[in-house]
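Down below are the structures I want you to see.
The two complexes that follow have subunit A in common; it is paired with subunit B in the first and with subunit C in the second.
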Partner chain A sequence: MDEEKVIVFDPHYCSGCMYCMTACSTYNNGATSLSKSRIHIVRHEGHAITKMTDEDDLIFDVITCQQCDQPYCLYLCPVLAVERDNETGALMINQDKCVGCRMCMVGCPFGVILYDLNRKQVVKCELCGGDPQCVRFCASGALQFLPKNLAHLQKRDRLARKMIQLRSKASEEEPI
Partner chain B sequence: MFHGETKIQGQAITIKIGNIEKQKRFVVIGNGIAGMSAAYAIRKLQKESKIKIISEEPNPTYSHCVLPDYLSGEISRDRVFVREFPDYLRKNIQLIKSKKAISLDLERKNVILQAEKIAYDKLIIATGSKPIIPPIKGINKKGVFTFKSIEDADGICTWEGCTAVVIGSGPIGIEASLALKRKGYKVFLIELLDRILPQVFDDYPASLIREVLEVNGIDVATQERVVEILGRESVEGVVSDRRVIKCDTVILATGMRPEKELVEGILELGKLGGIKVNQRMGTNIQDVYACGDCAEAQSLIDGRPILSLLWHNARQQGEVAGSNAAGIPRAYVGSLNITAVDVFDLKAVSIGDIGASLASGLDIIEVRRNGGYRRLVLSNGVLVGVQSISWDEDLGLFLSAILGKEKVKTYKDLMPFRRLPFRFLKQFPFDRKLQSVRGGVNLGRDQFF
Partner chain C sequence: MSIPAGYAGNVLIINLDNEKTEILPIDKFWANYGIDPKQWLGGDGVITKILWEDFSTAIEPFSPENEIIIATGPWTATAAPQSGRAMLGCIDPKTGGFGSGSFGWFFPSMLKYAGFDIAIIKGKAKKPIYVFIDDRKVSFRDASHIWGKETGETVRMIREELEERYEGEIRVLSTSVAGEHLVKYSPPCSDGTTCPGRSGAGAVMGSKNLKAIAVRGTGEVSLFDPRGLLESSYNAVKTFVDNEPFIKLWREHGATTSLGTTMDWPISGAMLVENRKEADFPHLKNVGCLDCPNPCYHWLQIKEGKYSGLRHLGGHMTFLTVCLRNLGIQEFGEWIHYERLLQELGLDPASFSMAYSWAVDCFERGILTLDDTEGITLKRGDAEIICEMARRIAYRQGKLGNLLADGVAEASQKIGKGSEMIAPHVKGKEYIQRDVKIQALMWSLGALTSPRGGDWLRHHNVWELAFQPEKRDSYPKFLGKTCAEVYEESLKLLDMPDELKKKIFGDSQKVDMEWIGDIKGKALFSVWTENLVALFNSLVTCMFGSATMFLMVGFGPTTYSEILNKITGWDTSYDELMRIGERVFNLQRLFNYRIKGWDHKDDTFADKRAYEPAQMGIFKGKVVPWDEVLQEYYSIRGWSSDGIPTRAKIDELGLGDVTKKLNLPEGD
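On to the complex of A and B.
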């Protein structure tokens, strides 16, 4: 299980180009349609930790399936169509079983399960079978696909950088 | 590590490695979703122990939730089953089918069947629930069905009728009448209380659902009591306190009650009639656990004991009971009502408690948007429930707010993000984008490390 990887997002690098959404919808639907993308970029302004200068007021965040440990979609599915893949650790929708009742959509706290009107079934991020296309096509390097035990390193590095910056700023203002 | 069995003077002893005990005999009574989940949870934690499931029914586990879809002909009969017989073999779980457990011998740790005894070390009771049969005259006639098991659905499928009276308008009653309507029946829905779906929706949302039902040709009557079922051998009509309806099929959907025949007088029962369990799904007897519809677990919202007859709660309870029986302590978070009903094009969802069930400190926020309706139920400022009619996006946010016991004042408190709209593409100042991201778009992450 140490091979299990997760999608890690760093808001500081994201430029909001939506390549990830384009890649996702193209790979999974065969046609580019941002509304059918399983990963979504949202914008919010001014982020306490990632904001370094005043110019950094537009910050993007990504909403995609978190592959939860205690997933409500898995418990709510009345036909056990939501299964966990043993290799990638992703929650998969078994299309042979899914009856399209949309109970999983009701339970998902992130709203990342989509309903496919053509197939009358739900679809969600399944990590593209272990090679997520959103990460592959991310232009700015904001999305990374890292093993679970390395996922926190980036955040730690970011905080350290921020602390150093703050400390140097403080020492300029009030020399000890 | 020490695996396997050591025999001393012909007696098998268990070897303890840490907390996990090996070579135990687990017996699960009931092959519904709770029992099946419990057996699978045990197998996940213990590869070698012996697991037996005793089932009254000859089928593998199936889903009661999609029986209406099978009845209406939308899905085939195979898709109702969530497991097949080879699945049990693959997991090395022995399924004893078509046999009923008659009683329990707690002292000698035996489950007594009609012809044999099965010894256990840990017992999990997941007998489920059975439909309430109301005391109505002439209830035993041909053409009167309950709607719980796959046999009931098979029976209704093969029954040749064209007019049906559905007694009771809970989720089962509504779904049964919708399925029969789709099958081409003329359907009358009769409810004793003052609104349909009385357990899961408040007055106004229930009236919206009722409107849609009536527009689509289902005759809905509330505050009406069925007095008698007419007919010689099979059903010919129904007499209520207001009228006489000619019909050939009657569906009883007046509710469910825990199946406790097996444990009555043996285990402690709760006030609501279920088996009393603690947070770890253990009963008052050691090594005996209960889960699913027959257990009376605590509510997630305020911790009071409730009977939850819902699929996802049963599944979670089953996993918790299995895990605790296998020696890995795990607590159950609590039961929460999540009900969704698809009424033609309208999707109605209810999460948590409804306003009518709360006595004091009740506050209600109503939101209407794009033809959809949403009703938030607050108890002392804390969100405890939401009902949503034909507006099913973002409902997960409300679920997580209920789980997190969030204090809410306005509807906007629950909307943390603005979704990226497509007009944003036009508005976006692209020069600023390049400046605002340090190092620009093309430098990539390697510049910083």
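On to the complex of A and C.
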């Protein structure tokens, strides 16, 4: 299923506003939070925690379900509560079956399956039925919803352009 | 009273005297303070009401009596656009009157996720401490080893001590060395990023021995109509991004870029933009607070020169304005270093730069001598001397450092010799533009009427500036549209009833030089703008939502009411929301009148050059008719000619009960 879409993140564009997280929690939980969002922005705010003389950096990255083709969460679930949605390709938790054993959390290589203390079940990104709200609310364009086989394009193009720029600058001095 | 959706539900009252805390359900708190949330919302609204109830007479701002009030609003921490903001209020150490400031990044939302809409800090700790709000658990920690540390180190040490589980989990609002040394214009700073800049609350924290407040919030904020909120927010952002004339430029380059297009900058817009294209301007990316679709922060890195390698999150308008205009620092590397330094030391860039700039004037006139400056030849443009003075002020070192740490109003009173006549302040607070008579009328009027004293952030309407003839060439270049097109678009986008538009702008839909150069409609536009600002400061959301380029054509009351109704389940209208803004603004005026006696006589510039004929600008060759505009302004506001809200106006705003002991003019 080449047309299955996935959430793709390009840190170059991320402004760190975390609208993805508030939109996610609002849509899926009916209340806004950061802690219960199924997508997580990882932050390094170097400027906030250093002296002026220290080197520092500001980095945002994203962690969310990659909707793996070989999903450990699905393989490890003893009650077959992890199911693949045929329409969207998303890995879904069947809340009627989930027994809250958290084996899927053990299996997930990215730590993106959350345990919901109220429901006593796990929850994860299920692509909002095919219209992921995180992508919809990403004003900077860092998050995109793309076919799996095209997920690399934007990043590759950006890097390629940078290489072209560098080469053309270098060729002004001496031919490469 | 039940608690509406959108509120976290609790108020935290911290008493530093005995290190005790009290958690009150917010409905009980509202009842104690006579607050109807539909009339005051949150943020500046509740800060004003709390200050009103708690202080009926003037106090010494550095006494333990003063309070620090951090107030979020129903908008904060939801999925509404720009929901990362809160207001921080106190009795302002510079003016002794109403003080508050807006701040963002992630502290405000974290406080709400911890379960608190409002946190009030009272009393004074016996030794330096910091407070940790860990969801509903509040603890007091020793801060003697952190006392004396600058902003970045403070944040790092506290986060390490509290063992945050991932970076940014704990948010820290701290004061720095300037606050500890009671520099009267020292703001607190949150995570080395955002400051309620003009509040002076950093010094109030210093006076309370309170180094910082740290918060971790893992909860959530309930909503009346979550999916509806998402739809309304999405549409609002889309409309904003599709229509706001400056938004494309802003989103490509951040807050400062488009200033060249609309404002009278010594450095032209062309240089700003083209420098960035050539990557000489060390801009790496734009960064925003929670839920921000048009981020204003620049992530900056200096690549060459003395400060090579220095990185900084900032590039803000105020810093750029004062650096270029008031301090004469021309080199980008220098001003980024200056911005970072002030943030580390905890100094308000506006007040500091005006204090320095005023001191240079005094030095050049011989009012300050080399003896006063301890051998330093004060001048503009020399970043090294300026940064050295910033350090001396922050630590109150030396004669001049100590003098300027109190700000220009007090300093000029102390040294006299005519320095009072060139001191750029209103009611004890510095304003940033030096020569108010060559600026736009509304912008300057805002400095006279702001409840915080000389200030521009409670008004900041630049319609006159943006459409002056000399700016017109820059529009096609940067926006791909003519000045006239932008004017017409902006007029259409302005979220106000047609009738009001007509009263303000007259019949013409075109750029009208007669209007720009006249006082016609300005007072009315000012009143509307101030009410709008008081409104979004009570919601609380960011000023860059409604006023990306200070034309007030972004989010307006219509959008605010639609989204607020989805959050809370209320059915507020445009008029009701604007009425809230008006109510808040009026009570701030009354608060200052009650405790400071401020009225018409105080709505004056201390710098008497404001009352001389202007050498250039809209009022070239004329004296700006300040009093005429003020009287029109008072009359529109329903205030007496002494600038005091009348009984009739007060009753109309539903403030009759709270002000009944006050002797007010009757009005009609």
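Here, the second predicted complex is superposed on the first by the 151 of 176 C-alpha atoms of A that agree within 3 Å, B and C clash if a C-alpha of one lies under 4 Å from a C-alpha of the other, contacts with A are read in each partner's own complex, and residues count from 1 in each chain.
Simple rule for what comes next: a residue touches a chain if its C-beta (ideal position, glycine included) is under 8 Å from a C-beta of that chain, and two chains touch if they have at least 3 such contacts.
Everything numeric in this text was worked out from a predicted model, so none of it was measured.
S.K.: With both complexes superposed on chain A, which partner does A:123 reach: first (subunit B), second (subunit C), both or neither?
M.R.: neither
S.K.: Touch test for A:36: subunit B only (first), subunit C only (second), both, or neither?
M.R.: The second partner, subunit C, only.
S.K.: Quick one: is A:133 in contact with subunit B, with subunit C, with both, or with neither? Answer first, second, both or neither.
M.R.: second
S.K.: Now for A:17: first (subunit B), second (subunit C), both, or neither, which partner does it touch?
M.R.: The answer is both, since A:17 touches subunit B and subunit C.
S.K.: Between subunit B and subunit C, whom does A:111 touch in the aligned arrangement: first, second, both, or neither?
M.R.: first
S.K.: Where does A:146 make contact in the superposed view: on subunit B (first), on subunit C (second), on both, or on neither?
M.R.: Neither subunit B nor subunit C is touched by A:146.
S.K.: Figure out whether A:99 sits in contact with subunit B (first) or subunit C (second), or with both, or with neither.
M.R.: After superposition on chain A, A:99 lies in contact with subunit B alone.
S.K.: Where on subunit A do subunit B and subunit C both make contact?
M.R.: 12-13, 15-17, 34, 42-44, 52, 55-58, 139-140
S.K.: Which residues of subunit A touch subunit C once you look at their complex with the stated criterion?
M.R.: Against subunit C, subunit A makes touches at 12-13, 15-19, 22-23, 25-27, 29-36, 42-52, 54-58, 133, 136-137, 139-140.
S.K.: Residues of subunit C touching subunit A in their complex?
M.R.: Per the stated touch rule, the residues are 77-79, 81, 83-84, 106, 109, 113, 150, 152-153, 155-156, 159, 166-168, 191-193, 217-223, 226-227, 229-230, 233-234, 237, 241, 251, 284-295, 299, 309-313, 340-341, 344.
S.K.: Quick one: which bits of subunit A touch subunit B in the complex? Just the residue numbers, please.
M.R.: On the subunit A side, the touching residues are 10, 12-17, 34, 40-44, 52, 55-58, 61, 63, 72, 75-76, 78-80, 97, 99, 101-103, 105-111, 139-141, 144, 157, 161.
S.K.: Considering only the defined contacts, which subunit B positions touch subunit A in the complex?
M.R.: Residues 63-66, 69, 74-75, 79, 82-83, 311-312, 315-316, 338, 340, 342, 347, 349, 351, 392-397, 399-400, 417-420, 422, 424, 428, 432-438, 441-442, 444-446, 448-449 of subunit B touch subunit A in their complex.
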